[in-house]
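Below are two complexes that have chain A in common, paired first with chain B and then with chain C.
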Partner chain A sequence: MKLTKLFVVLVASLVLSACANGPKISYGDATAVETTTTDFGSTDLQTIAATLVDDLLSFPPITQMTATRRPVMFVDKIKNKTTEHIDTESITDTVQTKILKSGKFRFVDMTAVRQIQEQLNFQMDSGMVDPGKAVAFGKQTGAEFMLYGNMSSIVKRNDSTKDVYYKFTMKMVNLETGIMEWAGEKEIRKTGEKSFFSL
Partner chain B sequence: MRTNLIKLAGVAFIASVISACAVNETATVEVGPDGTKQIIESNSGLLAASLEIVDNKVGYSGDLLRVQATIKNDSRSALSFRYKFKWLDKDGFEVAVDGRPWTPLTITPYESKSVQALAPNPTVKAFKILVQD
Partner chain C sequence: MDLNPRLLARYGVAMTATIILSGCAVTSVFNPYPNQALQFKSALNSPDPQSSAIHESVLVELAEERESSDAMLYMMERGRITQLLSLYEESKGDFQLVIDKFEQQDLAATVETSSMAAQGASMLTNDNAIPYSGSGYERIFTHHFQAFNYWGLGNVEGASIEFRKAALEQQVLLQKYESEIAEAHEEAEEEQIDVDTLSAEFSGLDTVAGKVKSSFQNAYTFYTSAAFWEATGELNNALVDYKKALEINPSAELIKQDIARVSKKYGTSTNFKELNLPGENQGTVVLFYEEGFVPAKSETKLSLPTLDGGIISIAFPTYETENWPRAGTLRIRDDGFNDLGTTQQVADVGAMAVKSLKEQIPAMIVRQALRAYSKYELQKQSGEQFGLMGSFAANIYNIISESADRRSWLTLPNSAQVLRFNLDQGQRLLSLASGALQQELPLNIEAGKTTFVRVVNVNNQLIPQVFKL
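Up next, the complex of A and B:
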């Protein structure tokens, strides 16, 4: 009798929890630690960007250089030497945004050169823009520094464990002198172990 | 009837215990621009029982606030948790919301580890460290 009542209570609770039909969709914390797989993920991207930007902006010669002026920089692509498909532009976008928001550097956006040129051509040649209000050619600022980098990985595995080591290196070079003014590295190690049930 | 209520209460208790496994505890320590420490919230079971923020240092890189916190594991087992920095301006408004990720950290028994961060811009005048198990 007692068991029957307990069973009824359990069934009722299951029915109540099943009232919300359809897929369960929820929003999560975008900055939460993500450990779904050992592949490159959002936590790795955010950690790399935060570490390297901190390292760049706290490097004493850079601190001294940016104390009185905001040098102009451009970001080159990050070479992906890992075996994974990684959107490295997403990493450089985050790094660029953080540096720009620090107020220490300004950027020229090489990914928008074609669109800028089209807009300038429109202003100059279309006849639709007041010549007195059109922006002039040849007035853009050249970048003083270039930011670029590499990303590599070492993957090792056995029957039960997969170990992934990522190394992300970023460098800043003076375009006029060719001198490397700064370099920073961030290493990440991720280990995945097969659970008992997935063996 | 009374027996049924007790049973129902028992089931509810078990359900609450199961759901409590996913609880996120957060402890917050705030350091003002003058370097004085002020513990705002320390009701985390993890922090209170095993972890201790033993030291805070505040400095500047140019005009950017640079901070360091030393976290000590007072327990006899290794602890894995996450921490995150939050930045505040002089009026207490959060700067660069979600600008830093939760960062995983493991500390071996009785070891101390220092975590550092640089403020995202010169408007930052104080910071918080959040610890989550």
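Up next, the complex of A and C:
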């Protein structure tokens, strides 16, 4: 009987202590491999950006072209043709940052055009800014190249397995000549399998 | 303290009973789901300030089910209601929960102790104790309607992703279901349960199920996505989906025209004369019409005498196919009273629901047989332990607790229909008529563009919604 009582107390304390604990929070490595689900994740984003930027910057004609100058580029939206709601702007942001940090290209930011225009209007028309020090209209540099791409996926699933294949394509086109100067591709395959037992 | 084991057993039973009863009072274990659904079906009205109080209370009530074991089911209903109230952001959140749960199930472990507990509870009560996990056709509709949410919010790329997901599900379920049925049949054989004698109850279903190619091939979703792809310029996708819709509705002239038109746009020559193409200063209108409510499952209850004089009651869900609702159509006229056409049915959702139930039957029969056995054992045990009164009480419990699993998404339409026509550009006034119901719909037609109109006919009123690209 004593033993039973002891057991009951033990179980009860276990149950209660489990309830009292809050969620566990910890910091992790932002570049660590993440395999929580087969969905598009941070590791995919990082490998895509790293591969494509390396590919672009090591492409011989590009190295040659950027040896003496820093051409201006703009990044267009990346088309999401997958079956997941992926923030493709975040991928282009990473790609753009990496290219910019290499010091080979400069960028015009099309996502900030409206804000820039508002600021210029303010400087010109509000009467609050010294006209001598105001930034003049019509002096911005036009982009020479456009970077764009698309992302597609093939998903297959049966009772026990899910297989996802992503293909990310990026292209760089010369806006004046229309010639595609570079294209890069990154493929990713992920497979998820059911485990037999879980709590 | 010395505890009397019999006393302990009695306390145990009493306590378990209170827990079960209190825990399940709001769910479908003891209250048939279609009864609960009546209340929120009535909330399906167009956004009208007078009924906003009803909407609010129903929506709040449904939102409370977010954490319940049947959350998927309630969020499907809520997402549908909020969508028809044009609360797209809210509806998106509801459907997202359903989609997340579906995706969790995809790779959930084969044996889960948490679900085993529910299976165990179902052995002593009924199938309603098993958390609702959704059917294939419901999953496709979830993605289909989620696409409308993204579309309504102006996120066309989001909508295209949901249409792709719906297509993926149609593909996946085509393979998945067949093996699942075979598995359940095998299990039934192992347990030596004769499926054929019991499924005589459902023999009437086949004629209805025959009306659709299968429960997961939803031609309405195929048609909607095809029209969407055509308007966004993805002609290849459009052609594939129109063809799949035609496969299920081989006699639909409308879809044949669509295929011929897209083929022509694609550069293939066609013999078809009528291509339903807009004139120079015309825009296209694609109309989706959803009528009524999909029928709810009803219950068939059988009481079988046991060898030792007791009674075992078993209950099955079924569809009463004799009183099947007949779908009407929607007739469209322009401001000059010229007939623009009548909608054509592409999908019979009721038939999809029937087919889906039929596919669950083998597994259900196995569970039913095991449950009848465990309840019979309970009866025998209580008879042995507590005498006649005990066995009488167990008998009553058995009869009360045995109720069929009648859960399914009930705010879905019964019939889905489509129509495509062209109008001169400018401000137009359409008149929509279905039976005695009439409503006018102002539309701004832009030349060369496609306007999508969805009209839902429920609770004796037409709810129109306009989607643009």
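In this text, the second predicted complex is superposed on the first by the 176 of 199 C-alpha atoms of A that agree within 3 Å, B and C clash if a C-alpha of one lies under 4 Å from a C-alpha of the other, contacts with A are read in each partner's own complex, and residues count from 1 in each chain.
Criterion: a contact is a pair of C-beta atoms (placed from the backbone, for glycine too) under 8 Å apart; a residue touches a chain by one contact, two chains touch by 3 or more.
Everything quoted here is computed from the prediction, not taken from an experiment.
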Query = After the chain A overlay, clash or fit between chain B and chain C?
reply = fit
Inquiry  = Looking at A:T111 after the superposition, I want to know if it touches chain B, chain C, both of them or none. Which is it: first, second, both, neither?
reply    = neither
Task = For A:Q46, decide between first (touching chain B), second (touching chain C), both and neither.
result = first
Request  = May I ask you to name which of chain B and chain C touches more residues of chain A?
outcome  = B
Query = For A:K162, is the partner it touches chain B (first), chain C (second), both, or none of the two (neither)?
reply = second
Task = Would you check which partner chain A:N80 touches, where first means chain B only, second means chain C only, and both and neither mean what they say?
result = second
Inquiry  = By the touch definition at the top of the document, which applies to A:K194: first (chain B), second (chain C), both, or neither?
reply    = second
Ask   = Looking at the superposed set of three chains, what is the minimum CA distance between chain B and chain C in Å?
value = 22
Task = Determine where on chain A the residues touched by chain B overlap those touched by chain C, and list them.
result = none
Ask   = How about chain A: which of its residues touch chain C in the complex?
value = 1, 37-38, 79-85, 155, 157-160, 162, 192-199
Task = Over in the complex, which chain C residues touch chain A? Could you list them?
result = 2, 103, 106-114, 157-158, 160-161, 164-165, 168, 172, 175-176, 179-180
Complex interface listing, chain A residues touching chain B = 2, 5-6, 9-10, 13, 29-33, 42-43, 46-47, 50, 53-54, 57-58, 60, 63-64, 66-67, 98, 101-104
Key: Contact footprint of chain A on chain B as seen in their complex   = 3-4, 7-8, 11, 15, 61-64, 66, 82, 84, 96, 98-104, 116-118, 120-122
